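I have placed the structure first, in the form of structure tokens, so that the comments after it can refer back to it.
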Amino acid sequence: MAEQQFLLAASAVLFSLGLLGVIIRRNALVMLMSMELMLNGVNLSLVTFASAAGSTEAAVLVFLVFVVAAAEIAIAIPIVLALARRRGTLDAGSWTELKG
Amino acid sequence: MIETALTYFFTVAAVLGGMLMLVARHPMRAALALVCSMLSLAGVYAMLGVHVIAVFQVLIYVGAVMIFMVYTIMLLDVRDPSFTRRWSGLLVPGVLGAGALSAVIAWALRDAGDAPASASTEAFGVQSFAVTFLEEYWLYFELSSVLLVAAVIAAIAALRAGGGRDG
Amino acid sequence: MAEATLLNYVLWLPVLGMAALLVLPRGADAAVRGLAFVVMLLQFVLAAWLYGQFEAGVAGLQFETRLPWIADWGVYYHVGLDGMNVLLVLLTAFLGPLVVAGAVNAIRQDVKLFHAMVFFIQFAMIGTFVAQDLFLFYVFWETMLIPMFLMIGIWGGERRIYATLKFVLYTAFGSILMLAALIYLVWSLYEERGALSFAFTDLYGLDLPMNVQAWLLGAFALSFAIKVPIVPLHTWLPDAHVEAPTAGSVILAGVLLKMGTYGFMKLGFPLFPEAAVAAAPLFMTLAVISIVYGACLALVQDDIKKIIAYSSISHLGYVMLGLACFDLLGVQGAVIQMVSHGLVSAGLFFMVGMIYERCHTRDLAAYGGLAKAMPVYSVFFMVLTLASIGLPATSGFTGEFLVLVGAVSAGWAQHVAGAGSTTLVLGVMAVLGVVLGALYMLRFARLFLFGEERLPGGHAVADLGLREKAILAAIVVAVFWLGIAPAGPLAKTESGSLQFQQLVLGDAAGGAP
Amino acid sequence: MNWQAVFIGMLPEHLLLAGALLLIVVELLSRRPPDGLPLALATLAAAFLAALWLAATGHAGEPFPGQLTVDPAAFAGKAVMLGLAIPVALLARGELEGPRPYLLLLFSLYGACLTLSADSFLTLFIGLELLSLPVYVLVMAGMRGPGSAEAALKYLVLGGTASAMLLMGASLLLGATGTLAIASFAAGLGAGTPLATAGVLLVVAAFFLKGAVVPFHAWAPDAYQGATVPVTAYMAAIVKAGVLLAAVRLFGEAGVPPALVAPIALLPLVSMAWGNLAAIRQSSFRRMIAYSSIAHAGYLFFAFLGAPEGRFEAVAFYVIAYGLMNVLAFAALPAGADDAAADRLESLQGLYSRRPYAAITLGIAMLSLAGLPPFPGFVAKFLIFRNVMEAGYTGIAVAGLLASYLGLYFYLRVLQFAFMGSASGETIPARRLALGASLLCLIPVALLTFFPGWLLERL
Amino acid sequence: MGALTLIVLLPLLGFLLNGLLGGRLGRTFVNVVGCGLPLLAFVVAALTVRDLAAAGYPAVIETVYTWAAFGDRSFEIAFLLDRLSAVMVLIVTGVGTLIHLYSTGYMKGDPGYARYFAYLNLFLFFMLLLVLGRSLLVLFVGWEGVGLASYLLIGFWFSDPEKSAAGKKAFITNRIGDAGFLLGMFLLWQALGTLDMDAINAAFAAGPVPGLSAALVGILLFVGATGKSAQIPLHVWLPDAMAGPTPVSALIHAATMVTAGVYLVARLSGVYLVAPEASAVIATIGVLTAFFAATIAVVQTDIKKVLAYSTVSQLGFMFVALGVGAYGVAVFHLYTHAFFKACLFLGAGSVIHALGGEQDIRRMSGLARRIPVTFATFAVATAAIAGLPPLAGFFSKDEILWYALASERGGSTLLFATAALTALMTAFYMFRLLWRVFMGASRMSHEVEHHVHESPPSMTGVLVVLAVLSAVGGFFSIPHFLEPVLPLPTIDPAMEHFHVPLLVLSVALGLTGLALAAWLYAGDASRAARLEARFAGLHRLLTGKYYVDEFYEAAIGRPLEWLSRRVFLGLGDRILLDGTLHGLAGLARRAAGGFARIQTGSLQAYVLLGLAGLVLLLTWSLGNG
């Protein structure tokens, strides 16, 4: 297997692992971390392609991903904290007031 | 050759770190696993010659985002049930789905081209990248500042809303 | 006022009326009623004038208006009178003032909204009849659901919500398929001619393969058949009628159901002639089933409104039969039968409303011997009953007779020509259906008017007042007009029927039999 | 660098940003939280007029070639969103306090405008993020019930997932086509290689998620219900418009290749049926509207099956009609509808007898959403299904129409409550400035009812 | 306005005046309008016929207006006066006027007085349309119209549910016949393009009509006639129709309306002349009806029912004549029957009137002395119907028997024998009636007897006139008069010499019936009672009217009810159709419930859902691509 394919497969796995983490982990903070993992998976694939194609644009996109990830976390953490304080738990699976 | 080997090594480490994060019981351990994974990725980037990104990866992700995360974890009560019971009820379907997804994406990627992984490391040198970024892509620089302003305001608003009146 | 645009005034007058209603203050019920009546009367006068000016024997549209509406799609605001719709427009306009007059006592809640809805319905119905553009037609066709939904739902009886939802959901189901067919049809036209057009005249000439025609006809027919309604798509009708306020029932029976048969006549059959001819036995079979089924069900109802509701199913079966036999007399008869049913069932629903206002029950068993207590009422009731049965000299006879002549002679001609006897058999069965019609209406009259005098609650009731008499007298006069001297109206509709025949059967069959 | 092109071409964005910054300055300078509404309204109006003017004059340009380009369609789309934002902002009075919600609104609109000018995935990505991030917070802003933060988190997590999918797709497209320009999507559509197809589908899935198409829809009911009325209106009217118009831009001139028609048509189709059916049992008005929006997302994505030429017209007309109707409906709701109790459909009982005007506008909105003529919703629906059928997908169009039929019931149910129930004794208070908001919607609705052709000719 | 139109419209005017104003303007007004206008119509008719006679009876056609036109075909409203319709018009207006006059006495004091006369005038209007109409359409209008008038008058005392039910039954039964009539009419229209009866006759006379069988048309039209003229199997309504006021029974259900079927067949003789099959059917039905109705009449105990079955039977005779091609003879019998049956009914009315409403002959006897005028007229009419010479019935019945035997158009010995037997029975049951009612000692209670009184002159006067007509009417030979329009069939030469013996037989039959009745019902009628006991089964069958009503109820009525209620309403509407709808609605609700369960509220589940969607999207299209 060529290196590039390997890297891309790893990126797919990381992406999937991130998604999996969001699904299977109860702890809301770990869920947020899993989202980061997802973005990291994406980054890996972007960088792989970027380096292959020499595309600066892709690198800029990775930079933007960093920024956005930071912004998302900055917004997500207060929300999670608010929920944790109010519901007395960090278990995202128990935050099911809205349903149906 | 050693570079290739290191690339493989870091890649495997990143994936392992990701897996570790998923199975770690305590969020702090999960965070550390994630940091490991991220650092490994930074290694991969460096091996691929995209040094700027490797640097950013360490600075922004590990340095800022994950520190923030760890800080938050430390703030919280560890007796919370979510700290002790890892899995939601969706473990099996989740694993199956994620497995299928990675398989299908990997399958799609099977002929993604066999170009050497590091074609032009020149473009990703810190200097050349900075120049290109600020000359050609300064729009995104500006836009990310707008985004960050918006995010700051949003975060403040979220804190205010979360800490404010409540039912 | 240019004469050619007069039709637009007839069409849009109710909208002006709605606007005027907005200005009136809340609670000014008398003013609202007065305004509504005047506007409706004006509409009728204009429509009657149009009818008078409408030239018989002239093919094509009269009082035509054609303005671009959605120019990009080739949609035009295109309205006009022709032999097919002229009588129906007159009927609609005729019932308008009567509906308003009939609601004086019955509607006491949300009077303004009620009259706005009457205006709205009137607008949509006339629009459906006069539209000459398929898009416009569909818009009017569907729009009509809205006021009807509210009318039954707000002023209806106990199970009004169920009834009105059933009505709307049922009808809308058909419409959605018609919409699909409509889009397909117009697209086919575009494929063939390279131009977008929704004009009926353009669509008539479209040459479609048989299987496509069959599908499209099926979709259109489903929509129309639900509205008619043809058995087995009828179960919304009894519920809607029973729960609707008198005005709703009158509009429903008087005009709305005709939109379905008119649809068949104006669109369903002419747009897909080959498929229509092939499916004619099916439609005739369904028509005869409707005749018999509706009559049988009317026979065993204990709710006075349901009897009339089921009778509508039966009567509209005749219309379908007349249309589907493609015989000139049959088609002409179908047109007259539409109007006749509009008058007669509207009149009967008015009468049911009048008695309901007095006694507050629709249970047939609660009534008896009304002829003694309310002689004038009974006379009107008897006249309408007989018209419903189709006694000569009433409009019902003209319609049924011509339909049956058409169906049987078409059937016989086919039989003799060795082209199968289906039409003949169905025609004969329809003739036998005449007996059933008498059976249920006379049962109704016997239990209702005759026998021991018995009134709900046992209290005395007043006979009809002047307003009520005037409403019924107007209807009865119209009933006799169509029964005794139908030549005038028939002459005006002949061009339409001939056009229908020609569109369906091709040039060869056009002209007099 | 063509500064003039940058100035003119991004004038609406500039105005929004200027307004937002001004608002920040005002907030910093004033002792008590200032009222953000007047300034926000002025900003929105200015940006709206600018977009309208640019659209009308047919301005086109390339402020940042390959990154951000503008054309009349983009300006028209921006005008739609900015115009819809004005009544939404009016609705916020009384629900959201202080200048911050308006700030977030302006930033979000900035992002929405960016997406419509995007020429590369970078711009698209940042635009979508900028569109969404403030909304995550707006969902929990001014919240009166404990569900708001939950709603915000759900929206955020799924929104973040969507971003990740978009990026993944973009990166695969980069691999397949060697570029991150959005044209790579169109190219990927036609390429047919697994790599390109996977990229395309990941991007499509991201848009499905943002647009709330089944099975990526699950955030929507919760977010809509958890948010306050103006925010729900914003999500329903503007976020959806932004996502869909961006999708139109993304698809560009490309048609959907036959191999992808089934998967791309299937999910919207399921969405229509799912949304329309699930709405039946809802007792919360906003939640019901959310399911309605899921169904409408289905209709909107159907537009992509049609020929590329008609796509913008169809989507733009649809989002205008749809947005107007949603804002109209929300404007008619009684004040205090943010309380879970007041949000219940039953609280509309007897609305007509108490506030006839509100009942009528609500009725018009529902009927138009149901796609009944003569209201604009019908023309919009017609346009979409016509395009699908013209593309030759008769069966899909018929199935879609049937699925759309399923929605009639719950819209009528609202009318049933508003008109057919007997009023309980208490009066229903109107929300502040609702009259202004509903008039701002009602006038275009009336115009679109009677003269839909006027707009269609110009789109 | 032509004379014919005037004749038709005069009663209509009477209907309108009485119907709209009669209730308010009092009895005199009602009398003047109600009787005056029919009388005027009679006078006009008589004058017109006189003019016609002077001109040698050319057919007069008076077109009023076009009812409807289709291309070159049209339905004209036109009247036709020829010898046949002249006879009918005079009978209708003449007898009609008499019965109106009679009614002024009979209905005196009834609260519905004005309504009654309005209905009666309406009836005359439609009856005149029927007999004067040139086209089958006009005839049909009258045909249905008289049915309506009959319906209204049978149910005149509508408070009694049985009476209104009888009216309904009459209408419905007629409608069944009308269905056949309509079909026949449609076929004629289809083949000939006209419904004018003179044109139809001419067309059939000219040779076979392409694409149309005269037999089929004939039978279909005859189905209509069986309804209106109460022939088997549609005879069941007429006896029930006796629920109406007795003058109505006389006018409508004896003299005029029920003979419309006879008139129809005679009028369309052109069709039947070329349709021997149809004629055979007519003769068979006619003779069967005559026979069976007579057998029922023998055991009836209600005075009006006896007369009703007698009417059915006599109509059967007329159809026998029609069936053997002797159209003029049928009209002859129609004409004489109009007089004597009207006389009998009015006489019965007088009896009922005298007894204060009693109709059961078992509670009558010895009335001859108390109401002598009634008795005398009744006796004359009875003799006439029994066929005793030289009364009117003798001539007409004799001719029928003769043609039944000797006509070359279907005459046969069997036909003749049955008819003769029926004639015997006719004489018997009529004299039985006469005997039981008028003869013997009084068996009535004193109270009843005290009330018995002769009817007022308005009634007895009419009786006398009718009795006279019954007596002398036979001397005006209708068949001869009608020969130019309704030629008589040729006589089978083999039968030629049987004419005189037949005359003798005919008289003998009448006398035998008389004697038999006198013997059986002499004294306390114990012989009759013994006979009844002896043949109890047969007697039950006859009093049960062969259980035809019951059969219809079981074969049609109840199945229809069952079909409608259980199958159509229960199974069809409720279970199949509404059930499907509600099932679909339930399905939608269930689906909604399912969707709601999927929306668990758990964020993780939402993401999983999205993941599933993503996998689905990717696998599907990558699998395809």
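Things worth noting here:
Every chain is named by a letter (A, B, C, D and E) in the order it is written, and numbering of its residues begins at 1.
Assume a contact is a pair of C-beta atoms (placed from the backbone, for glycine too) under 8 Å apart; a residue touches a chain by one contact, two chains touch by 3 or more.
Model, not experiment: these values are computed from the prediction.
Shared contact partners of chain D and chain E comprise A, B, C.
Minimum number of contact steps separating chain C from chain E: 1. Nearest to the global CA centroid, when each chain is reduced to the mean of its CA atoms, is chain C. Chain centre most remote from that of chain D: E (centre = mean of CA atoms).
Centroid distances from chain A, each centroid being the mean of CA atoms, peak for E. Each chain gets a centre from the mean of its Cα atoms; for chain C and chain D, those two points are 42 Å apart. If you average the Cα atoms of chain B and of chain E, the two centres end up 101 Å apart. Once the centre of each chain is set as its mean CA position, chain A and chain D turn out to be 26 Å apart.
In whole angstrom, the spacing between the mean C-alpha positions of chain B and chain D is 30.
In chain B, 88, 90, 93-94, 97-98, 101, 104-105, 107-110, 112-113, 137, 140, 144, 147, 150-151, 154-155, 158, 161-162, 166 are the positions where the chain touches two or more neighbouring chains simultaneously.
Multi-chain contact residues of chain D (touching two or more other chains) are listed as 122, 126, 129, 133, 136-137, 140, 146, 149, 152-154, 157, 161, 168, 172, 175, 194, 197-198, 221-222, 281, 409. Counting partner chains per residue, chain E shows two or more touched chains at residues 596, 599, 601-605, 607-608, 611-612, 614, 618, 622. Pairwise, the chains that make contact are A-B, A-D, A-E, B-D, B-E, C-D, C-E, D-E. If you check the complex, the residues on chain C that touch chain D are 26, 68-73, 75, 110, 113, 138-140, 142-143, 145-146, 149-150, 153-154, 160-161, 165, 168-169, 172-173, 176-177, 179-180, 183-184, 186-187, 190.
Residues of chain B touching chain A in their complex: 4, 7-8, 11-12, 14-15, 18-19, 21-22, 24, 27, 30-31, 34, 37-38, 41, 44-45, 48-50, 52-53, 56-57, 60-61, 64-66, 68-69, 72-73, 75-76, 80-83, 85-91, 93-95, 97-99, 101-102, 105-106, 109-110, 112-121, 123-124, 129, 132-133, 136-137, 140, 144, 147-148, 150-152, 154-155, 158-159, 161-163, 166.
For chain E in complex with chain A, the residues that touch the partner chain are 596, 599-604, 607-608, 611. Within the complex formed with chain B, the chain A residues making contact are 2-10, 12-21, 23-30, 32-34, 36-37, 40-41, 43-44, 47-48, 50-54, 56-57, 59-60, 62-64, 66-71, 73-75, 77-86, 89-93. For chain B in complex with chain D, the residues that touch the partner chain are 104-105, 107-113, 137, 139-140, 143-144, 146-147, 149-151, 153-158, 160-162, 165-167.
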